Amino acid sequence: MDTLELIRQNLLSPMVLAYALGIVAMLVRSDLRFPDALYQTLSIYLLLAIGLKGGAALAATPFADLWAPALATLLLGCLVPVLVFAAARGLRFEIANAAALAAHYGSVSVVTFIAAQAFLQGAHVEHEAFMPTLVAILEVPGIVVALTLARLAGRDGGSLGGAIREVLTGKSIVLLIGGVLIGAASGHHGMESVAPLFVDLFKGALTLFLLEMGLLTAQRLGDVRRAGVRLVGLGLVAPVVLGALGAVVGSLAGLSAGGTTVFAAMVASASYIAAPAAVRIALPQASPSVYLSASLVLTFPFNLTLGIPLYHALSTALHRR
Amino acid sequence: MHTVRLKLVTIVAEAVLRERVVRELRDAGARGYTLTTCEGEGSRGVRASQWEGGNLRIETIVEAAVAERILTGIADEFFENYAVIVWTQDVEVVRGGKYA
Amino acid sequence: MDTLELIRQNLLSPMVLAYALGIVAMLVRSDLRFPDALYQTLSIYLLLAIGLKGGAALAATPFADLWAPALATLLLGCLVPVLVFAAARGLRFEIANAAALAAHYGSVSVVTFIAAQAFLQGAHVEHEAFMPTLVAILEVPGIVVALTLARLAGRDGGSLGGAIREVLTGKSIVLLIGGVLIGAASGHHGMESVAPLFVDLFKGALTLFLLEMGLLTAQRLGDVRRAGVRLVGLGLVAPVVLGALGAVVGSLAGLSAGGTTVFAAMVASASYIAAPAAVRIALPQASPSVYLSASLVLTFPFNLTLGIPLYHALSTALHRR
Amino acid sequence: MDTLELIRQNLLSPMVLAYALGIVAMLVRSDLRFPDALYQTLSIYLLLAIGLKGGAALAATPFADLWAPALATLLLGCLVPVLVFAAARGLRFEIANAAALAAHYGSVSVVTFIAAQAFLQGAHVEHEAFMPTLVAILEVPGIVVALTLARLAGRDGGSLGGAIREVLTGKSIVLLIGGVLIGAASGHHGMESVAPLFVDLFKGALTLFLLEMGLLTAQRLGDVRRAGVRLVGLGLVAPVVLGALGAVVGSLAGLSAGGTTVFAAMVASASYIAAPAAVRIALPQASPSVYLSASLVLTFPFNLTLGIPLYHALSTALHRR
Amino acid sequence: MHTVRLKLVTIVAEAVLRERVVRELRDAGARGYTLTTCEGEGSRGVRASQWEGGNLRIETIVEAAVAERILTGIADEFFENYAVIVWTQDVEVVRGGKYA
Amino acid sequence: MHTVRLKLVTIVAEAVLRERVVRELRDAGARGYTLTTCEGEGSRGVRASQWEGGNLRIETIVEAAVAERILTGIADEFFENYAVIVWTQDVEVVRGGKYA
């Protein structure tokens, strides 16, 4: 399939449309709201599910296949926040806000990751099974590097140790790594018994979750308007640059075309679960309306709609050479 | 019914501060607290709270001296950067000795 | 299958039995309660699911098949509230209460609609795929007409514009129409990926929801006792008359026997999601214990148990001629 | 399969691993929490699901097969609390605490029951379909006998009638019995329509529930430390003794090897849904940190990991003679 | 705006007591109440509450005499064995006649 | 700790009124509010509240003049047809200037 067709198919998937519905619902001031408990349940479910699936597959992966991508992940986890910090400072964001943005882009958006996987499934392209492990690896260093940058730049980045603890024991990492371990230990046989919940329902649950994310996105549209053009620039240019970087590094690290697509989407994405909590604790001077707008309102929908097909085209091109 | 006059301190703070506020209360000498989840709007643009699970409303019944320590502690630690509001009232507490 | 057998089968379906269980649980003063979030989650799910299914099928429907039933729906959406208002005034209900009842019967109960679909599935009878679209059409005019009646009759029916906005942007319409659009746009292929959640689990979810509705119904039994015999009369006679009207108009509009059954059930049903909220805002003088009792405690269980098989018998007879 | 292999397989099942993950998450002070509504939803689901499945199967069971196991259940429901009360008094627990422990062990842990069923399924061993009925029978007498003991021993056990009402109308019994009745009345045909929710998703839901139970268990570890060695002794020895008793009585009552395993697990288990509520009302002097620690923190994980395979080995041995 | 001075009685109790506390209020003569779910920590080791669904925070606006009866009733029935705390305050109530 | 004496106005109203009550507060000059979901029973038979999602408990800290305007506004707009109760108290607020 060519890229345009893939974009079209992606835009018309129930997930992307549900996200759009959420935005529209909020814009027409509908009273549609998800109960908090549903939002939390869906995020627990999605994190555990990708962990389980990844883990079951990981059990069959030789370590030799894993080390290069893992290293590449660590590398970008450290490099990306430096790039983003520099760019944000160049755009005259305050130190605290620049560091906060660096932490978010250095980390990874789990839903973008999932959306990339779903996209590949729709395009009938395979990818490595160990990708969730890379997500877990990528969650941490970005935040650490960003807080260190804040400290070096003279803004005390709060307790660094506290922030690392926060991320490592945060529910996203615990569920992701926990899921991987359970999946790896209980193997194919164990997964079979829980697959009707954790595999079959996955895309439906993702659709519901994206509906809620659309509602949340629209609530923050005002922040973007207030934040102005440099935030919009950052939020839309950063993913393209980072995605390209991810695609190049991913293919150098030996990932397949599909794996490279997912990897690029991970690098291009900005966290909005783990990073915001850690940043709020460690960098309270940073303004949530800056970093949440950038990651949730700008970068996320860009990746969801155009970014992922773009990274896929790029990855395919890189692998065709 | 015999009652004791004590201070009721109410703190509304963003959810991410939960552990730190509770530690603050304990350090100041409070013997207990009651916590409700809530939402809110205030004067700051800061609205991270909603994202990380709304606000918390924490009530604690304490002696006047402890109340004073709590107000100072909360103000020092959180007022600059976080969405927090604190107020106190006099209340009549049954079996008040327990909380003083 | 003959009507008695269909009634028997309907009464012994897990959905109807779960409703009965809810009533019994409340009557024996059990502490069984559904968390609010579960109730809301189930209603979001059910509304979105019927929208999606209807939309996916609608994509394949020529417009020529749709316009007559749509017109019939609009017609009854305007006629029914007038009839109910007149009847309620005849029974000496106050203007505000009469208008509130008119709004509820003019609108439609989504769960009754779903139950009618499930009933037909059990009886192996087909029906038109575009029915959810008709539900959306029927939600609105009833409420508008009823509030206008209240105003004409001297009771200021609050802000009419506000009430219409309330209904159109209310979560039931947003999810229903949103689901239809998503289903239509993403088509068969898109639906496949989310079918395990939105199709396969549908009846199970409906069973849970009806259990909760049983609990809610039983909580209002006292209101009915207080409201007296004329409310009971209205609540049990109205659906029969309206159902017969619906069956006649539905078959005249060219619906199949199955479609006519569903249409009749829609007409015979009284809303208890969209209408109560709109009425509470626009007609605050009306007493919730009157209109909720009528729609939830009387008409709903009647339709669920006896009404639907009855309308089906009628529709079949009308189509046999 | 030999016992060691079954233990290994049990320990590596996603359910047991999820329980372990919950404990670890709490020990590393993760912020992972289940929303209350999810916990309640899962327990409503699990109770209703085992009821439905049991009921659908019960419809096909001749009464002649049921009476002996039912009688055996009643017998142990009365005997077990007496044994536990005596043991606890021997260990110098206060009267109120001893009676509370008796009530918990006399009753049954539904999750242990489910885990035993899942274990057998993994081991490809059949068991009688009417077991959920026995669970319902076993819920009640234990609590009644225990409160009577408290009263005889001089501690007024509150209102006995009130406690019985509490248990009989408690949500666990209502959902279990209600599920059995619905399953029996709607039969195979009815079950088919709701099976995707209530059958296929069962093990996945159980996995989630056990994750939450792990979190709750770890929260109470401190209580166990405070309660000291005699509580640990009771919590670990009681299930072995009671399980052996259950295995012997179960096979005498004519249960199959699989049925005997489940029966033994039921007898060996301690309630933590119905009993705690009833005991808190009727025996408020008893300390929750004693009875919840014993049943949730000690006996439950023991049964989940080692107890069930052990009872299975015993039952198989008894049936091999 | 004309207001009436009445007593606001606040009761925090473990969830299992819900029906009994409400009955107590009614028997004492309260005309209504407002109930919020909450969590809490206190001086007792007793923490059954959390297990059975947290604590409840019940507020009722009543005349002084009714408040007195409520305090006595709650203290007599629940203080020995349950996790309960009660306090009162003066409040100015609009349309106060309804609640007295 | 320096505090300012202000009014705490508490409003319990059925959930359907959420937007309208908040608008009322803003119009009267309140700078913020805290909102908790709750249940309740009162003197009216009207219990639509439960159906549409329980009651809301809204607290706002304001100057006396603003409190007066809120009371009047709420009374005028909602008392006739809706389940609403309102009361006020004096409270000592830290950093009180923000809310006045």
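All chains are identified by letter, namely A, B, C, D, E and F, in their written order; residue positions are counted from 1 within each chain.
Please note the rule applied: a contact is a pair of C-beta atoms (placed from the backbone, for glycine too) under 8 Å apart; a residue touches a chain by one contact, two chains touch by 3 or more.
Keep in mind that what you see is a predicted model, and the values were worked out from it rather than measured.
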If a chain touches chain A and chain E alike, it appears here: B, D
Interface sides of chain B and chain F: same vs different residues, half threshold: different
Most distant chain from chain D by Cα centroid: F
Chain at maximum distance from chain C, centres defined as averaged CA atoms: B
Whole-Å separation of chain centres (CA-atom averages), chain C against chain F: 36
Mean-CA-position distance for chain F and chain A (Å): 41
Separation of chain E from chain F, taking each centre as the mean of its C-alpha atoms, in whole Å: 20
Chain E residues counted as touching two or more neighbouring chains: 36, 89
Set of chain A residues in contact with two or more other chains: 35-37, 196, 201, 277
Pairwise chain contacts, counting only pairs that touch as defined: A-B, A-C, A-D, B-E, B-F, C-D, C-F, D-E, E-F
Chain E to chain D touching residues, read off their complex: 14, 16, 45-48, 50-54, 80-82
Contact footprint of chain C on chain A as seen in their complex: 12-14, 17-18, 21, 24-25, 28-38, 118, 122, 196, 200-201, 203-205, 207-208, 211
Residues of chain C touching chain F in the complex: 36, 216, 219, 223, 226, 272, 276-277, 280-281, 284-285, 287-289, 292
Touching residues on chain E, where the partner in the complex is chain F: 1, 3, 6, 8, 22, 31-36, 61, 89-95, 98-99
Parts of chain A lying in touch with chain D, wherever the complex brings them together: 35-37, 40-41, 44-45, 48, 52, 169-171, 174-175, 178, 181-183, 185-187, 190-191, 193-198, 201, 277
